[in-house]
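Next, two complexes with chain A in common: one pairs it with chain B, the other with chain C.
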Partner chain A sequence: MEAILDKKNLNDWIAALDGWDAYAPALEDGVWSYRPASANAALAHPNTVQPPKGFAFPQREIFFRFEQIKGEAPRLTPVQPEPGRRVVFGVRPCDGRAVPRMDRVFADHVDDGYYRARRKDLAYVGLACHKPQSRHCFCKSVGGSPVSTEGLDVLLTDLGERYFALAVTDVGKALMQAGGALFAKAGASERKAVEQAHAAAVAQPQRGVADAAAAPAALKAGFDSPLWEELAQGCIGCGICTFLCPTCHCFDINDEVTGAAPLKGQRVRTWDTCQFPDFTMHSSGHNPRDTLGSRLRQRVSHKFRYFHENFGMLQCTGCGRCVSQCPVGIDIVQVVNRVAGSI
Partner chain B sequence: MGDNIYLPQLARIAHIKEEVGGERAIKTFRLEFENGGGFEHACGQCAMLSIFGRGESMISIASAPHIKDYKQFSIMRVGRVTAAFHELAVGDVVGIRGPYGNSFPVDAWRGKNLVFIGGGCGLAPIWPVIQTAVAQRGNFGEITVFYGGRSPRDIMYQAELEKLRGAVDVHLSVDKQEEGWNAFCGFVPANLMDKEPSPDNAIAITCGPPIMIKYVIENLRQLGFKDNQIYTTIENKMKCGVGKCGRCNVGKDYVCVKGPVYCWDDLKGLPAEY
Partner chain C sequence: MIDLGALHTQVRDILETGEVRAVVGWRRGSRGMLAEPVTIATPEEAETLVWDPTCFHNLSLTLVEERKKPSWRPGKPIAVVAKGCDARSLTVLMQENCFRRDEVYVIGVSCAGSGVLDERKLAQRLPGVEPDSAAFDGDAFVCATAGGEDRIPARELMADRCLECRDAHPKLNNVVFGEAQPRAFDPPFAALARFEQEQVGVAERWQFWQRQFERCIRCFACRSVCPMCYCEECVVDSINMAVGADTTAAEKANRIRWIERSASRADNIGYHMTRALHLAGRCIDCAECERVCPVNIPLRLLNNKLEREARVAFGYEPGASIDLPALVASFRDDDPNHFIR
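Showing the complex of A and B:
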C-alpha cells in the first residue's frame, strides 16, 4: 500500500490512531529522544542519541516482586509489562534494521515473554534518510541502506510538503488505513519522485567497512592480532558504545531490596555491557576477558562475526552511535578495517 | 515456569551436609520442590538457584537424573549468593529455575571405559554421570575416578567416594603431604600421569578449576587420548541461563545453551575465553 500524506496532516494521522500511544523524536535539553508525540510533532530530526530499542527492551524492568516473612516461604508476584499498543514515529532505517536482529535474540532457543509482550504491540513508522544523519553513518557498508524498510511497518519519505508513505507490513497497512481520507492516492509523478529521492539518497557518499562480507572470516583469522590491544588503548570502559547500540542486548539480573521485615523487594533486569571487566570475572578472580583489547574484540566480533555465524547476518546496522558518542573516539569501522586489513 | 522464563519455582531445603570447611567451604543441599513443582534433568545440566534479596547463582545439579524426590547441589562459598546459601538451614525455602544447558552423552558411552578426573568443587558436575554409570554398572567397562583437593579436609563426597570402591577404581590426591594421608600427594594432573589410564575404548571426563583442566587435557593427550575422547565443562559467569543476557558468551556460543558440556574436539575451536 502506497499513499501520500500532506505534512500538515501528520498530527491528525497520529491523533486518528485510536488505541495506539504514539512516540516521536523531540529535542529536549539539546538531546533528541523519543517522547510521547506532542500535538505538533514534526519529523525533522537527526537521529536520536538513544536508539528506540528501549521500547521493546527497556533499560530496567521488574520480573517479579518477592515478599518473605522470616521463617515462612517467600511469596512471588510476577510483574508483566503494561499492556498497550505503541507506535514509534521517525525511526531511521538503521534502527529499523536493528529490530529483526533483536527479535532473533529474544526468540532464539526459548522465547522471552517480556520482550515478546512489548514487541507484539509495537509498530515502527520509519523515515528515510535523504543524506547521512552524521559523518559517522555507515549503513550502506553493512548491508543496509538509507531507505531500507527492514524492521519497519511503514516507511515515510519526505517529498517536501508531503510524505510518501509505504506500508511494509500488515500492521503498517492498518495504521495507514486508520488515517482514512488524510491519505491521498499516490500517482505516477509521486512514485517517480520517491524513486528519484531514494536513488539520490543511496548515491550519497558514506564512510564504511571496507568489505563487510569478508569481515566474519577476517576477524576470525585476526583473533590473535596485537591490533586489538593497540586499538583499545584509551578505552575507559564506560560501556556507552554498547548502551547506545541498537542491537546490544546484554543484561544483568539483580535483586533490589526495598524492605527488611518482612523482606520485600524485586528481581530486575537492567542493561549490562561486555565492556565492564566484571561482566565476565569469576568469583575466584579469574577473568576470561581481562584486558581492554579482549573486550573490544568481544564487542566487535559479536557484531561482525559471532552473530553472523549464528544467524547469517551482521549484527551492526551502521548507525554510528558507538563512534560518535565514544568519549575517547574508538571507531568500530576503523577497528574492523584495521584488523581485517592486517591479515 | 510457564510463560515467565525468569520466575523461579520454590524448593525447600530437606538436608544440608558440610562437605568441606574453611574459607572456601562446600556444603551439599538437598532441595525438594514446593507446591508439586519440579523438572526433569539430564547429567551435566544446571539450575539457577536463588535466595530472594540476594540474587541468583548457576549451580550444577549434582544428583543423578533417576533420583526424582529431590535435587542435590554442592555449593562452594565464594561470594554474595553462595555465602548466603551457607547461612541457610533445613526447612528454608529458595528459588530454583532450570534445567539449563546441554548434557553428557552418557547413553552414547555404553560399553566404554570411563575415566573421571575432578578437582575441588569439580566433582559435583560429573557426580550424576558417575552415579548413573554405577547404577547401570553392566553397561560400562572399567570406571576410574581421579579426584583431588588441596588437603585431606578439602575432599568432598568422602563417604560416597569410599562407597564406590569395588565397583569403581578411586584415586584420590592432595596437593601437599600431610600426616595420615596414604594416597597420592601432588596435583590431580600428576596423579593421572602416575596411574596412566589407557585411552583404549575410553572416554575421559574432567571438571575442575580452569588451570587444572588445562593440564589434565595436556596430560590426557600425552597418554594417547584423542580430542574426541575428552569431555569437560566450562563455567562462564551466567545470569539468564537461556542464551540472551550475553554473560556466558564464548565465540558464537552461549555456554548456558550450547554448554556447559563440551567435547574437547569442539571446544578447541572456540576462543579460549573461559
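Showing the complex of A and C:
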C-alpha cells in the first residue's frame, strides 16, 4: 500500500491512531530522544542519541517482587510489562534494521516473554534519510541503505510538503488505513519523485567498512592481533558505545533489596556492557577479559563476527552512534578495517 | 600561541636522551576533526603529536590508568602534555600521593587567550555540519568545512570551563609552551551563577535536578573519564569490593550495596551525589565529565558548586600547589571556621 500524506496532516494521523500511544523524536535539554508525541510533532530530527531499542528492551525492568516473613515461605509477585500498543515515529532505517536483529536474540533464539510481550504491541514508522545524518553514518557498507524498509512497518519519504508513505507490513497497512481520508492516492508522478529521492539518497557518499562480507573471517583470523590493544589505547571503558547501540543487548539481573524486616525487594533486569571490567569478572576475582583491547575485540567481534556465525547476518547496522558519541573517538569502522586489513 | 615545532623537538629530545620512558599527548584521530589521546615511546613519533582546540582530554587520566596496571613499575618518569586544568589535576594527584613529582614530566601547554571548543556549541552554531578541522587564530576558532572556512568568535564556541578558566598557564611544569597572559573572558563560577539566577527556589532546583538525573543512563563515562575517580572499588559497581581468591562466599554475598546499579531516578541521584561529594576540593574543573555525558547532564554545575563551597568555607583552591595538603587532610591555625580551630 502506497499513499501520500500532507505534512500538515501528520498530527491528525497520529491523533487518528485509536488505541495506540505514539512516540516521536523531540529535543529536550539539548538531547534528541523519543518522547510521547506532542500535538505538533514534526519529523525534522537528526538521529536520536538513544536508539528506539528501549521500547522493546528497556534499560531497567522488574521481573517480580519478593517478600519473605521470617519462618514463612517467600512470596513472589510477578510483574508483567505494561500493556498497550505503541507506535514509534521517525525511526531511521539503520535503527529499523536493528529490530529484526533484536528479534533474533530475544524472540527466535530464545523466547523472552518480557521482550515478546512488548514487541508484539510495537510498530515502527520509519523516515528515509535524504543525506547521512552525520559524517559517521556507514549503513551502506554493512548491507543497509538510507531508504531500507527492514524492520519497519511503514516507511515515510519526505517529498517537501508531503510524505510518500509505504506500508511494509500488515500492521503498517492498518496504521495507514486508520488515517482514512488523510491519505491521498499516490500517482505516477509521486512514484517517480520517490524513486528519484531514493536513488539520490543512496548515491550520497558515506564512509564505510571496506569489505563487510569478508569481516567475519578476517576478524577470526585476527583474533590475536596486537592491533586490538593498540586501537583501544584511548578507551576509557565506559558504557556509551554499547548502551547507545541499537543492537547491543547484554543484560545483568540483580535482586534489589528494598527492606529487611520483612525481607523484600525486586528482581531487576538492567542493561550491562562488555566494556565494564566487572562484566566478565569471575567470583574468584579472576577476570579473563581484563584489558581494554580484549574488551574492544569482544564488542567489535560480536558485531562483525559472532553474530554472523550465530545468525548469518552482521549485527552492526552502521548507525554510527558508537563513533560519534565515544568520548575519545574510538571508531569501529577504522577498527574493523585495520584489523581485517592486517590479515 | 604554541610553537608546535618546538614542542615536537622537546618531545623528540626527551625520548632520545631517555629522560622519560613515554610521552602522553594528542594525535589526529579518525573521527572527524577530533584529536585523540596517544602514548608514544619512540622519538620518530614525536611529530605525530598535535595541539588544537579539540585537545579536550585531560591526559592525566592516562597516567592514572597506567599506574593501576599490574605491569606498573616505578622508574623513569612518563611525560604528559598538560593544559592549565590538566596540570592542576596532576597537582591534586601528587598531593594525594598517586604520583611523586619525579615520576611525571609535565610538558605544559598554555591556553592563555584560547581554550578548547565545545562540540555542543559547535553543533548549534553549524547545524548538520561537522568540520574537518578546527584551529584557533588568536580571536576566533577557524573551522574548515567542505564549504570553506567558518571563523567563529572565541566566545561563541569556547567551552564554559575555558571561558572561566582559573589558570590557563600550567603552573606545574618541567617545560612550558605558550605565554602566561591574563584571561579576557568570564570569572570563575559564571555558569553556576547564571544557573542560580535562573533557578532560584529550592523546589525549582530540585525539580531541575530530578529531570536531569532521570535521563542518566549510568554509562559511567563521567566517572571513567575523571582522573580523580581512581578508586579500585566504587559503591555503584555490582562488584564493589576487591575480590580475591580467598574472599569467602559469605563476604561476597554480604557485600554492601548502597546504590543499585540499575538506572532508576533514586539510584541515579545517589550515584551523582556521592560522586559530587567525593570530588569536593579535588575537582579542578577540567569538565571532562560534562563533555562526555551522552545525554547532556550539566555535571559541571555540581562540581563547581562544591569547589566554590571549599573556596568560600576554607579558602581552599584545588590544584594550586603540590606543597599544600589535600583539603580533607589539612588543618590550619588560621582556618576561617572557628569550630575547627
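In this section, the second predicted complex is superposed on the first by the 341 of 343 C-alpha atoms of A that agree within 3 Å, B and C clash if a C-alpha of one lies under 4 Å from a C-alpha of the other, contacts with A are read in each partner's own complex, and residues count from 1 in each chain.
As a working rule, a residue touches a chain if its C-beta (ideal position, glycine included) is under 8 Å from a C-beta of that chain, and two chains touch if they have at least 3 such contacts.
Predicted model only: the values in this text are computed from it and were never measured.
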Touching partner for A:Gln233 - first (chain B), second (chain C), both, neither: second
Contacts of A:Asp21 with chain B and chain C, given as first, second, both or neither: neither
Partner chain(s) touched by A:Asp108 [first = chain B, second = chain C, both, neither]: first
First, second, both or neither for A:Gly30, with chain B first and chain C second: second
First (chain B), second (chain C), both or neither touched by A:Glu195: neither
Which superposed partner A:Cys250 touches (first chain B, second chain C, both, neither): first
Chain B versus chain C as contact partner of A:Leu263, first or second or both or neither: first
Contacts of A:Val323 with chain B and chain C, given as first, second, both or neither: second
Partner chain(s) touched by A:Gln59 [first = chain B, second = chain C, both, neither]: second
Common interface residues of chain A - those touching chain B in one complex and chain C in the other: 252, 254, 257, 281, 283-284, 286
Residue numbers on chain B that touch chain A, as the complex places them: 3-8, 10, 12, 34, 50, 52-56, 78-79, 82, 93, 95, 209-210, 235-237, 239-240, 242-247, 249-252, 254, 257, 271, 273-274
Of all residues in chain A, those that touch chain B in their complex: 63-64, 66, 68, 73-74, 76, 78, 105-106, 108-114, 223, 249-255, 257, 263, 265, 267, 269, 272, 274, 279-284, 286, 288-289, 294, 298, 302, 305-306, 309-310
Touch list for chain C against partner chain A, complex: 29-32, 34, 36-39, 57, 61, 120, 128, 130, 211-212, 215, 217-221, 224-225, 237-239, 242-245, 247, 252, 257, 260-264, 288, 291-292, 294-296
Chain C-touching residues of chain A, taken from the complex the two chains share: 29-31, 33, 46, 49-50, 59-60, 134-136, 233-234, 236-240, 243-244, 252, 254, 256-257, 268, 270-271, 273, 276, 278, 281, 283-286, 323-329, 331, 333-334
